[in-house]
Each structure stands twice: as C-alpha cells, then as structure tokens.
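Just so it is clear, A, B and C label the chains in written order, and each chain counts residues from 1 on its own.
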C-alpha cells in the first residue's frame, strides 16, 4: 500500500536492491545484457583515449628529427627521461615523459581518413564480414560500466553529440557511445527546466510502481533493463557537475588551457573521477595538408598543455594507476613536405603515446631512421597495439573471444601479439 | 618606359631544376645571380652564364661586378644558370633571405635562430658575419632598409630586431606579445611595419623605440576549430610609400588550409583598406611573395592547392589580376630581375603531394623547386 | 469452403514430408484459422514438451495488442470502453474485420514493411506512399517484390519502389558503392538468407550457403549503376549494364576458383544467352543523350521473376516467417535471415503449410495477417502466473513482449494523452493561445529517441538510456502532460472520484480497466497530495513511461 513519495522512494530502493543484485549492466542505445555485471565488479580499470582526428605529425610531436631532410623548422627538447627527446612544441609533455610510453614503430595499412579512422579504432582485424567494435565499445562490452552506473563509453568532442550506435559494430547498439558534442550533454539529458528534482523523483517513483505491477506478471529481464536505463539517466542528470563547463575551476582552466581540447580534457578528468569506464576526447582538424608547421605550432601546444595536465592530475589522484591513457590519430604524416608546406597521410612509420595502468612508464619502443622514413627494427600494426591495450587492462586478448551469433571472434588480430616492451 | 612598351604579361623562357625545395629567392642587385633560401638548410646560388641578361643601371660603388648593359629594346635570352657552392652551416631550414639594395650581400636566417651575411657572388661561402642565436627558434622574415644600412628580422620568439648590415651588430629590438610573421621598411626608411599572428600590422619607427600605430589586416585571420590560421604573410610598400599591401590568404578552414588569396591595399596615411584584390576560389592558397614591377604593378606568387599555383599581375585596388599564368605548380616566391625585364618564379615539382612512396626498391625522395625564368612582354 | 479438421491435418503432416505436404494436400488452400490449424500445430508441440499454455488474453490485453498491430496506435478511451462492454460472442472477429477495413490498417502495414525493409537506412515520402498504396490495394507480395527488385523508373506509380535499391547504392563519403550490402539485403529481406560471409568463401557454419550463391546474386546487382535525377527522371534511377560472361571468384580460405552466371541463391543458375553484337540491345546506349540503353538480356528482370516465383521455396517461407515475426515477436525460423536445412522452423509442418498456401493464394498478405491474428496462439495472454515454469519462446505458451516501434509509440502516446488530433491532424489550435507543435519535428524527435540506428534491425523491445532521457526531459512529452482543452490530464482533473479517474486513466493509457489493487494505488497516490493537478500529470507520465506502455504485450 502506498502513501507518499518518501515511501515510494523506500520501496523503490528495496525493489531496486533486489532487482539489481542479479542484474545486468550494459550499454546505452539498446538492451542491457547480463554478462557485463560480473566484469563490472572484477575490474576497476578505466581508459582515457585521446583521438587527434586527421593525423598529428609524428615529426612535430613524439618523434622529432631535428636538422634532418624532413625535420621541419622545430627543435627537439630533452624530457624528464634522460636520452628521450620530443618536439619543442610539447614542453609540458616533456616534463611528464617519465609517465609516458612512446611507440615510434607504428606501421599500419590505411592512408584514407574515411576508412582509416574506423579501421584504426576497430583494431583492423582480419575481415570476418562483420564490423568490429571501436575500442571504446569493446571495453564497454568486456568490462561494462563502473559501480557509479554512469554510462561506460562516453565521447567528448566538438560538434554534435548524441548516441552513436555505429561505434559498436557487431556488439550491437547497447555498446555504442554517448557523445557530448562541444562538451555539452546530448538532447534531453539535462533535467527539463519545468521540473524540480523532487518532482522528477516523485514521478519516477510512480513509474517504478507501475513497472512493479507489470513485472510481477512477466519475465523480469525487460523491466530490469528499463530500470537500469532510467537509473543511468537519473545518475547522469544528477551528475551534471561533471560536464557543466561553468563549474570548472579557474585554476584548472588556466592549467589545461582555455581551449576546446583543454576544456574537454578537464571534463574527461571529471568523468573518469566520477566513474565513467571509457572516456574518449576527440579533437578535430589535424589534417594539415597545407601549412603544416604553422598548423602544428598552433595546435600541438594546446594538446600538450591539456594532455600533460590530465596526466599530472590522474597521477596525483592515484587514478593513473588504474587508467590506461592513449593519445593517437588514424595515421601519421609524410616525411616529405609538399608544395604548400604541408605533410600528407603516412601510415608507414608513425607514433603514439600511452601511459597508466599496465604500461611501462618512461619507455620508448621502436625507432625510425635518421630521416623518419623507415622503422629500424620491428614494426607494429594496430592489431598488436590492441593486444597491448587489452593486456594492460587485464583482458587476455589472446585467449578470450567475442561470441557473435554463435561464432567466436578474436578480440584483436589473431596473428599479432602484445608489444611486450610497452608493458610494465 | 613608354606606356606602349609597358609589359603586361610574362612568357616562360626556361625552367631550371634544383635539388631542394626553395622558400624564397631574390636576384642580387646587379642581376647576375639568384640566391635562394632552401629547405635543406642551405642558401643556394646561381650565376647566369654570359651573356647575362639585361640588368639594372650601375648602382652603388661597393657593388662588385657590373653587368654588361644589354642591347636596348629586345631582352636577351638568358643562358644557363650555373650553381655556385651552396652556403651551408645552417641547422634547420632557411625560410627567409634578403639582398642588399646595391651590394651583392645576401642576408639569410634559419629556423633555429641563426642569422648571417654572405657575399652572394664570392666563390667561398664564409660568412661576412654570423650570429648563432639572433632569435630563439624560427626566424620568419628579413628585410633590408632602402639605404641598405639596416637589417630587420622577426620570428616565433615574438621579437623584432634591427641589425647593422655591415657587422651584424644589434641596434634595437622590440618584444611583441605574439609570433611575428612578416615585416617591411617604408620606402623612406623611417619606419618599420610588422604583421603578427592575429594579422594586426604594427607601425614602428625604424629604431623600434615605439609603436606609432596599428593597421588592421584581421580579415586574414581565422580561428578554425582550435587552429589559429595566420593568413598574413607579405607586407609591401608601393614605391611612393602611399600604399601598404598586406597579402596572404583569407582562410576558410584550418587543417588543409583552404582559403582565397587576398591582397589588401591599405592607405598608409589613413589606415583605410581599399578594394581588396582577390584571386580565384578557396583552392588558390596564399600570396607567398610579392614584387613591385617598375611599370607600376605587383607580381604575386600563389601557393595553391595540390598541383595548382599561379603567377599573377595586379594593380593594388583592383578586384582581380590582369594577368595570370597557371603553368607553375605551388609557387613559393617571385624574384624580379633588376630593370624589370625578367622574373624568376619558384615553383614546386609536379606531384609533390601524396605519400611519395616510390616503387619497390627505389629511394624515398624529397620534393624540389624548379626555377622558372620568365621574360616580360608588352 | 471446406476446411481440414485439425486432427486429420496433423496426422497427415506427421507422415508426409513437409515440402510434399502442400502439393499432396488439395485442401491446403482452404486452411483457415477457424479450422484451428495454426493452433493445432502450436498446441501439439507445447503438449509434446509438456508445457501448459497461458489462457486467452483478456479483452483489454487483446484490444491493445490488436490495435497496435493493425492500427499502429492504441484505441482511445471511448473505443476501449465500448469494446470491453461489448457482449457479442464474436466481438474479437468483428474487431479484426473492422480494423482491417480501416484506412489506418494499410498505413500501419506500410510502416511496418518500411521499418523491416529499410532498417532505418533512409526515409522517403514517396516510398512510404508507394508502400501504403500497395497495402491499400493488397498488392500480392510477389508483385510488390518484383516492383522493388526490377523497378520501372518510367512508371510514375511504381518508380518509388526503386528506393529500396537506390538508397542502398548511394555513395557515402569516399566509401565504395555498397553493392555487397545490397546483395546481402536482397537475400535477407526476400529469401531469409544472410549470405554476407559467402562473398569471400563458403559459409563456415552453414553448409547450404556457398560462395556461388552470394556471387550469383552479386553479379546482378553490381551490374547496376545509380544515376542522378535528370531528363525524364525526377528521382535517382538505376541503369543496368550488359552481362556477357560469368562472374569469377576465388575463395579466400581455400583459394578454390569458381564462376557463376546470375543465380537465385540456393537455386539454379540463369543461363547467359549468347547474343550477337546486333542482338544485345533492345535500345542501344547513346553517349550523346546519356541514355544507358536497355539490354535484351536483363539479369535483374530475370532474377526478380525467378526469385519471386512459387518455384522458389525460400520466397514464400520468408514472407510467412517475417509476417509471423511481426505479429508474434518471434519467427518460426530464427534468426529471420538464417533459413537453411540445419536450422528448421520451430513448427516445420506449420511453416510448410502456410508457405504453400501463401503461394496458392497468390501471396495474399491480408489473408495471412488475418489467419494469424484470429488464432488462439496470437490471442494468448502475456501474463505469467506465479507457478509457471519458464517455457521456451518457440512454444508460444505465453504472448511475447514485443517492441512498440517509434512510430507506434508516437501515435500511442499522442492518443493516450489526448493530443493526437491537435498534433497529427493540426486541429483545434485556433482557440489555443500557444504555438503549434510541428508534427514533422515531433515525429523526428520520437524517431531519434526510439528508432534504432541505421541498419540495426528492430527485432525486439530494447529500453535505452536515450529513450529514458527523452521521456524524462523532452519538451513535447512534458507539453502533452499539461492540462489542455480535451486532453487526458484535463479530463482526469475534472473527475472528482478517484475510482472514475483510475478507470479513465487506465482505459486511455493501458486500454484496460484497473484492478482493485490498482484502483487503491490511484486513490493512495491522489490522497495526500497538495497539488492535485501536478500529481495527475505525474501519474500520466509514470504510466506512459512504464513498461506496460513501452511494449506490445
């Protein structure tokens, strides 16, 4: 028998307590599956994935070739790791180098944006006739949401936001991403101005009552899934602090930079702290076919500041110990410089940076030759990099498999293996 | 020059291949040599094989070899260029150089702060003077005062500096709040103007004691996503000093940097911008260089998008060019031969875009900049 | 009309091979729901599994289900009340007949086929109008599919059928034109075969699916060219090239080479005729007029005839399976697009009989719809009692919870809240002192919230964060819950008795009367409230956001 909203709330909690004990966690766009629940307790690992769309130049960032044929105008500077140098455009990351692991031996296959962006983020496995999930969707599927019950895979990007099912590939829309366009929440995420929080709670308690009556005569799965979706909605609505840019501190903004990537990285820090499993920060406009050097002089320092600051903060809060941090693009840029001072697409020898859990801090893996054209020793394709990331997250990608329509599918390219030198 | 003889177009005479990409090139005052600031950390030099083309009237007494005056009326077709030993010792690419108005001295600077002076015609390559740390990092542009006594430099370190051309002694400096991209002395030598990152133009006295006023070329600036695009690349005064041309690109996007070449004629007295000369659409790139032709128009080099590029002639204040030649890909620089009968356009080899992957076994090669020699025609 | 007694039919099918059944049984065309053939088959399997089936749905449950399925919305409170009060013994059949005669029925059918066939990959008014007109005319399924697969772009009426293919062949970014995707979808949608894996090799787990099957179909579709509107064509259109040689392929797994002409998958190859140079074209291509020409041998036309013929058993089985899924929530064959010998129907005889009869009845979609909705299997309750054991879905012991599509949800929501006429028909705004709700925008926002992403088949109900946030915060949703002339919240506010209010609310939203317990709930909810209007609005929100409203059960 019901009397007032506070009692609704009590019975609601009781109901949820039992319902969620046996549930079920999952994604966003679709049905929530039960599998992820165990994983949710098993792992506290998180991921920060910084995507520099269009292709940051390895020469003007992680693998400078000062005073060489294709080296460009910039100098290399020493870092906190003796013997390791990076571009002068990254003075702050230079001070964080002891936390970073550079991979300078990336050799991938795709030199087109339209296919490369997806191909790299899906780990470029062998063709199985099914679209593979983006790394974020993989992690959302394999590790599920955190105990916070915030959505497991969030993207902070410029432009439009929303629910992006296509990231999930064959895993299905439940593992798609929730994108905050321009750092802002998607449509309808903020509590409608016409509602108070108390009203919203009251009517939701009523909704739970109707659901209980309904579920009593049905199989529980669907109603539980709905409850989870509404709870996730509620958590997100309650945690507006984590993406409300007006609440970011002046001091933090000064440190991260009052730029798009600075603000987005700060929101990412808040989301990781609040318990989002996988946060992707996507920065666009790195495709410097023309005027590459002025473009990088403008862009790289903004990335440098934001990225170094979040590394510093994650390290200070202890989160870095269980957070895998990655910064990369879909490919690097050509050694040779074209007729409008630009660099074009180059998948043959490029770099990425990693840090955090499972990663060997301060390491530099692989090297390119004096002009930055060829990789000296072992080349690493993105499949090997995926294995490395899975390993760092405690997922045995050489053993574990996805199951899709009864068919086992490897997590990453089965002919490749983790890069041991990059692992702690 | 009679109006009916005034050149209105240019015809390609000959193309010379080079081994490096070139940012900037100038003829020496005597017209016998071409010097080029190169991406491969050199300054390259070429001399005309006799007979040299028609050159300027005899100039200052310290100018070295005097060119033979050529027959009037008909330009003499230049023969081959012979390359002299390149000037080396730079640590990074050399983006800028300037020649002395009467002597054969060339001043050049690299992207790591080295600035020096050389005799462009000498067989040896020892500098007349050289400063290793004239700036911190990338020196973007140099300019020599009309009398030839002062050399101005600017760079990413936000400094503008004035040097004594004779010995490299620093005479003055000014710390700006932004990266400084380009500069020019006024024809009377009294003032120095420089253009910055946000496309503002600052007018200073030649001693850099104070900024007298500010001119606006901000239509050439764009914040695209988080990339700041500085479209202002060239400042040129009209010979009478009445007009300052601020040129470059009106950017439409970052990344690829799409944009339309724009040349803003600024009335130097009032600061008012007249009719802007606009060339083509968003794939024509930047005005990277401008030269005043004695016949009273400007010759411009347009960078273009892949494979394109233009040489254009226009009069400041007119909507578009009256002459355009699209045969040179990705123009970098334009050097007017003294006397105005010839000009050299620095382009880029065809196919400079793309990954440049050679067929299996072949070496991976850099791009290069052919020199296109044009004669002016009526 | 003679009918088969169910027992006899069952005995016969027990001894006859499924496929032989239709041919051997002259009475198959006379199958009717009255004869209980569907129910006989389903009951037999349930009994064999020793599973007891749920009782018949009550009238409220039934009418909601039927309205959503046939009208694409729920009945309003008056309709719902009238049906519940109707004491005629054959009132369900009468309702089925009334609704199937209603103009909203073909619209709903068109919507359902649109969602199935396009899988949210595109929306086009002319395509939807074409489907609606086809459903109004009860166009036979084979005719409809021929019009889709071999579109006549010169025929004003049939031209929009080409959207199925033209949309799929549009280039997206710099990706290759998706000929393999179109090939795959033709197999899936019209034969229930997902041959995707067979582009590169024989299927690894499905023995029946060979590389030759995909490529025989692929050859036909990769030969098409998408042309922009222009000249006589007001829309994008397709032209067909010349096919003179077999298509050659190599297995990426074994390296084995093969070649095929056009082919109906799992069927015979179509011979490529040897034509002399002068015979090849009915209308030769003309570069000047940019006319693509008309080849004498059209693989597309030939294929569309053979694929849709009664000789192709997969064609009839597929439409039976898809319609069955549409009304039952589960296909007789699951997954819908994995028909093959090693994956038989849950009820093989039923599938065989329905497919055979469908062919004999010239692919009459209305006939099959009526057969299904009049069956007891369809009318089963979805309510479990406490002691019920978990029964497998394919026993149909319990009605399934099915997805309410975004379109259904939108109409049901507007019907329930009493805003349908204002928002959909644009009526009654003049007297309101507020801006109109633009139906197109409202529809688009509901689709964004509840429709799947493009190319994600909408197969089952899936509560989502996106939908939850939408119902919690969307302005139009909250707008509909404000009291307004004639709408539900206003009507409820005028009712002083909690009991009357409960009845009106339950009838309007759930299409049923409240139970005693639920009447007490409503009384309790309204009892201590300081702001009755707000509480009523919250009550309506909670009901429309609940699972009972979210699913078709």
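Here is the rule we go by: a residue touches a chain if its C-beta (ideal position, glycine included) is under 8 Å from a C-beta of that chain, and two chains touch if they have at least 3 such contacts.
For clarity, every value in this text was computed on a predicted model and none was experimentally measured.
For chain A, the chain with the farthest CA centroid is B.
Closest chain to the protein centre (all Cα atoms averaged), using per-chain Cα means: A. Centre to centre, using the average C-alpha position, chain A and chain C are separated by 37 Å. Chain A and chain B have Cα centroids lying 45 Å from one another. Once the centre of each chain is set as its mean CA position, chain B and chain C turn out to be 69 Å apart. By the touch criterion given at the top, residues 1-4, 28-32, 112, 114-115, 127, 129-130, 151, 162-166, 172-174, 176, 178, 186-192, 194-195, 199-200, 202-204, 206-207, 209-211, 213-215, 217-219, 222-223, 225-226, 228-230, 232-233, 236-237, 405-407 of chain A touch chain C in their complex.
For chain C in complex with chain A, the residues that touch the partner chain are 173-175, 196-197, 199-200, 204-205, 335, 382-385, 390, 401, 445, 448-449, 452-454, 456, 460-470, 472-475, 478, 517-518, 520-521, 524-525, 527-528, 534, 538-539, 541-543, 545-548, 550-551, 553.
Within the complex formed with chain A, the chain B residues making contact are 21, 39-41, 91-93, 95, 111-112, 137-138, 156, 179, 224-230, 254-257, 285-286, 303-307, 309, 329-330, 332, 347-349, 352-357, 364-367. Across the complex, chain B is touched by residues 54, 66-67, 69-75, 88, 111, 158, 259-261, 283-291, 294-295, 297-299, 302, 334-342, 344-346, 348, 371, 373 of chain A.
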